[in-house]
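This is the structure, below, for whatever I ask next.
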């Protein structure tokens, strides 16, 4: 997953004559529409609120090479001479596997297999492979259709007294389970995609929420902030909120109008 | 609510000839005057003190879509070629409902309704809906008329030993109640609008104060800093202070004169 | 009080021919000389050392409206096309009233007046008014004449274990008293102006020191750093040091020469 | 070791006509290809993902003078008019010598040699020299051939309660030993180069990982995050991930295409 | 002492024709060579490694006025249209006087003189004056001749539990004494200049190291990091490392070649 945030260079853009704007927008809309419909990983655009950017691009692809290709293709579009990248986020979609991991570990230990032995690793790998297959559509999701998106990166704290990484697995599993119960109450109204970025970007996880009513972002995150795992162990980065802009409507936004229902 | 801070590109602006300045200012004043008088959510401009910006725009609207529209409309104005956005803040007006929430919870528990059960949620939702209706004018406020504004974002701390989110609801209610007593003493001189931004922007709340004497901002906030909830649990972002500029007086400020009484 | 820090756009400035430089400097010197001599609040310029800026403007005025006017007047000067504002600080001159406040509170309590009752507030307000009148010249100071200035903003800490705002008033008064004793030993060599900025800018106080020997800034602040109130409760922002430049000598500095005694 | 991160000035680059681009790329490819093959210290380029940069240069050289020369030679290339340096990292390849150091210290102490005496220092120096010779190829490594690189700087914490530098050597050795066991499990899939930067750059160490599957960066670093030494004592800076671009393929990337297998 | 860091505007510089470059370099070399040889305070240039800057200027002068003059003279040189200042550091050379201070204090107390009484202050001032005279050459040092320089600013911590400024003088003296022992072992290979910047710049001290082998910077600072005073009480800013460039060799560096032995 790659999130890209861009600011529009309005002054330069507005100086173009209408025909140039049309040609440039047509070229961009054609290229991005293909990305929206790409079978092996889709893209979507959102019109951001506030100064952190004017446009958010969200890209799903099945390799870093493909994400790198997306970046390079976009940078070649004439439209990108009128966009300035303000930030970005690189991550990989993740499944929350605490419960199955705890079960797997317990069963291996019961069977007397020594942790981190070759046998242990082989068994774990096999379980993970089965899960990856079973949950392929969650690991390689389609772009959710909702109108609003909220994105933020986060860490689990490693403080002097409060340290997620020194908690026993079972305790982490218990807190994540409780946390999941809140999320489940919002299942119908918010689509949540968790992606991991340890080793890839400056926070440990990225959270991308999709909803048709943006107020539910606030309700969900506020309610979760009282969960033990969030209240005590979560550190949050910047928040980005945007309204979806289908590629074919880029001209509307760059013409100064918001996307209506 | 959207707060937008802009710096004037003075050198470029001053290079325009007087007629161009007039036309540009007329176009901007017309557009912004409409926003000042917009029945379903108003805007106001303030001339900021210090380097953080020259102009602060405060926008009330009843949806994110409308706020997005405001941003896009403004960015199309010729005046905005001479403004550079330095920062912004996105939030939603909130009511302080600690006292009624505590009462509602207590009464539901008394009636034997299990927390977070469907029945519980339905009752809560009903109470909230009644409150939203009763306090519609506080949720969708008119732009206060005072001459000076002070804006700052803030968090409740989630530190290693000091953590607002692990306090019991009753304790949070008690501290907020005390905090409110100080605010009430300033009710006649300061109009205070609290907006929540969890899930929307980088702090949890935005506070916008309006007064005719800017010294009362300092008195109020200094006095509150000794309240337990502020002294112990508050973290503050940047502070922005400005003098109101009616849209029709933009030419005065951009001509190098402050707004007088 | 408004502190403004500017960087000179040397390359653009040096490209002007000598006559243009002269006209621009004459216009600026005339405007700023008036500000230096302004009866109801003076201004002064300092040539800053280091990359944080080339020029520091310090403005005393008796209202925010007047400070806003100063900013707008300066931004209209042609010289300001060759200056880039790097930072600023907005604050209000304050008197250290811990000792008299403690006395007033104690006497009111002795007289049986309930804290924060209307009677209490009226008595406090009366005492403050008497003090404001008696100390008018300290609240609205003239620009000190010394050659060097050092400016820095500061906070009192609100940490997890160390929190100034949860100390009893008497304890704060005791620490401030000790702190004042050190300051008093430097009374002859350093003029110190404390201004408060809670609600106005990003730190709680601004400290502006004036002296004819800049080494005393270091001696004074180093010695104070061992006071309990500084050692334990102070947090400091950036430090700015400059050499005074009378408006009529701006041409010297912009011509590449330092101001000599 | 010098890591250099650059952003491509796409707009300016795309404005060049194809012939100019070819000449400029030829000049750059020739110079950088020499650096890739340089016998006494090689260089490599990676196409970065995300906004932190478009190109990462990794340089191994046997002196700071040579690294300084690399910087100056690159800055003279015409291509570098179209690159903007966003950040960099300066460090020296290090060997993890905790185990041998503990052994050496113990044997010297057994032999009754006083720590930090001239005899002690001479013995240590001799051991180090032997090791440097024995491990010359690890101190002056060739550029690993893998397709992906991940770079991040890190510190050992010196907090109020958690302080790596006040732990006894034996305890540090024990934790580093455990940490190494995890690394060893990834030996076949990840090549790891640790470089020290105390006194040279803003973090204490730089970690550069090379792999053919970028997901193993995440797996390795996530697994290590639960080691005591990482969970408790590590602080991490920004992460940079890139896909290798041989100098002769620079034209592909600057033409808007990703490097394929 | 003033440290100034500059980035070269390579693109603009390379666009100049060779004759212009020569004239500009001659003017700069003449001016800076005089500064290198200035009897009452010398200057030196270093070619920095990494993105933090291309050139480091280190200036010793005997007053802030003279340092301000250096800045203004440099900014008038045509070369400085091709340099962009990235940062700077302002400080005053200091002697480590803990041991003599402890002795002086003890002897005054023995003689029954009350701390901070006029007599006490007079005695202290006399001792300091004697020391300043005796150590004049250490207070006003010549520029050390070594090839490499490393500069970094630092603080002593004032944390919640760890606070240098609340330690008794004798304890600080003890820790500084131990710290000095490590430094003394490197006396032959590293020249260290400590300068204080309390009241002048954003850290409390600046450390400038000079050596002919840059690896000793790392060895020395790494070894010292285990001293109690560094391990527990030191906070470090950014590190800058450079290779000396005599003014007459500026053309070499700006021509894209490193300085060789």
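We call the chains A, B, C, D and E, going by the order they appear; numbering starts again at 1 in every chain.
The rule is short, and it goes like this: contacts are C-beta pairs under 8 Å (C-beta built on N, C-alpha and C of every residue); 3 or more make two chains touch, one makes a residue touch a chain.
Predicted model, so just to flag it, every value in this text is computed and none were measured.
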**Report entry** Between chain C and chain D, the fewest steps along chains that touch one another
**Finding:** 2
Query raised in the report: Which chains contact both chain C and chain E?
Result: none
Requested in this report: Nearest 5 degrees is plenty: how much rotation brings the CA atoms of chain B onto those of chain E?
Outcome: 145
Query - Interface numbering overlap (same over half, different under half) for chain A and chain D - result: different
Report summary line: Chain centres from averaged Cα atoms put chain B and chain C apart, in whole Å, by 29
Query - Gap in Å, rounded to a whole number, between the CA centres of chain D and chain B - result: 46
**Report entry** Residue list for chain C, restricted to those that touch at least two other chains
**Finding:** 160-161
Requested in this report: Examine which chains touch each other and state the graph shape they make (line, ring, star, complete, other).
Outcome: ring
Report task. Output the circular ordering of the chains, read from chain A in the direction of chain D. Result -> A, D, E, C, B
Query raised in the report: What does chain D use to touch chain A in their complex?
Result: 8, 10-11, 14, 47, 49-52, 54, 148, 150, 152, 159-162, 185, 209, 214-215, 217-218, 220-222, 225-226, 228, 230-232, 234, 238-239, 241, 243, 253, 255-261
Query raised in the report: Where on chain C is chain B touching in the complex?
Result: 2, 4-5, 64-69, 71-73, 75-76, 80-81, 85-90, 92, 116, 158, 160-161, 163, 165-166, 196-202
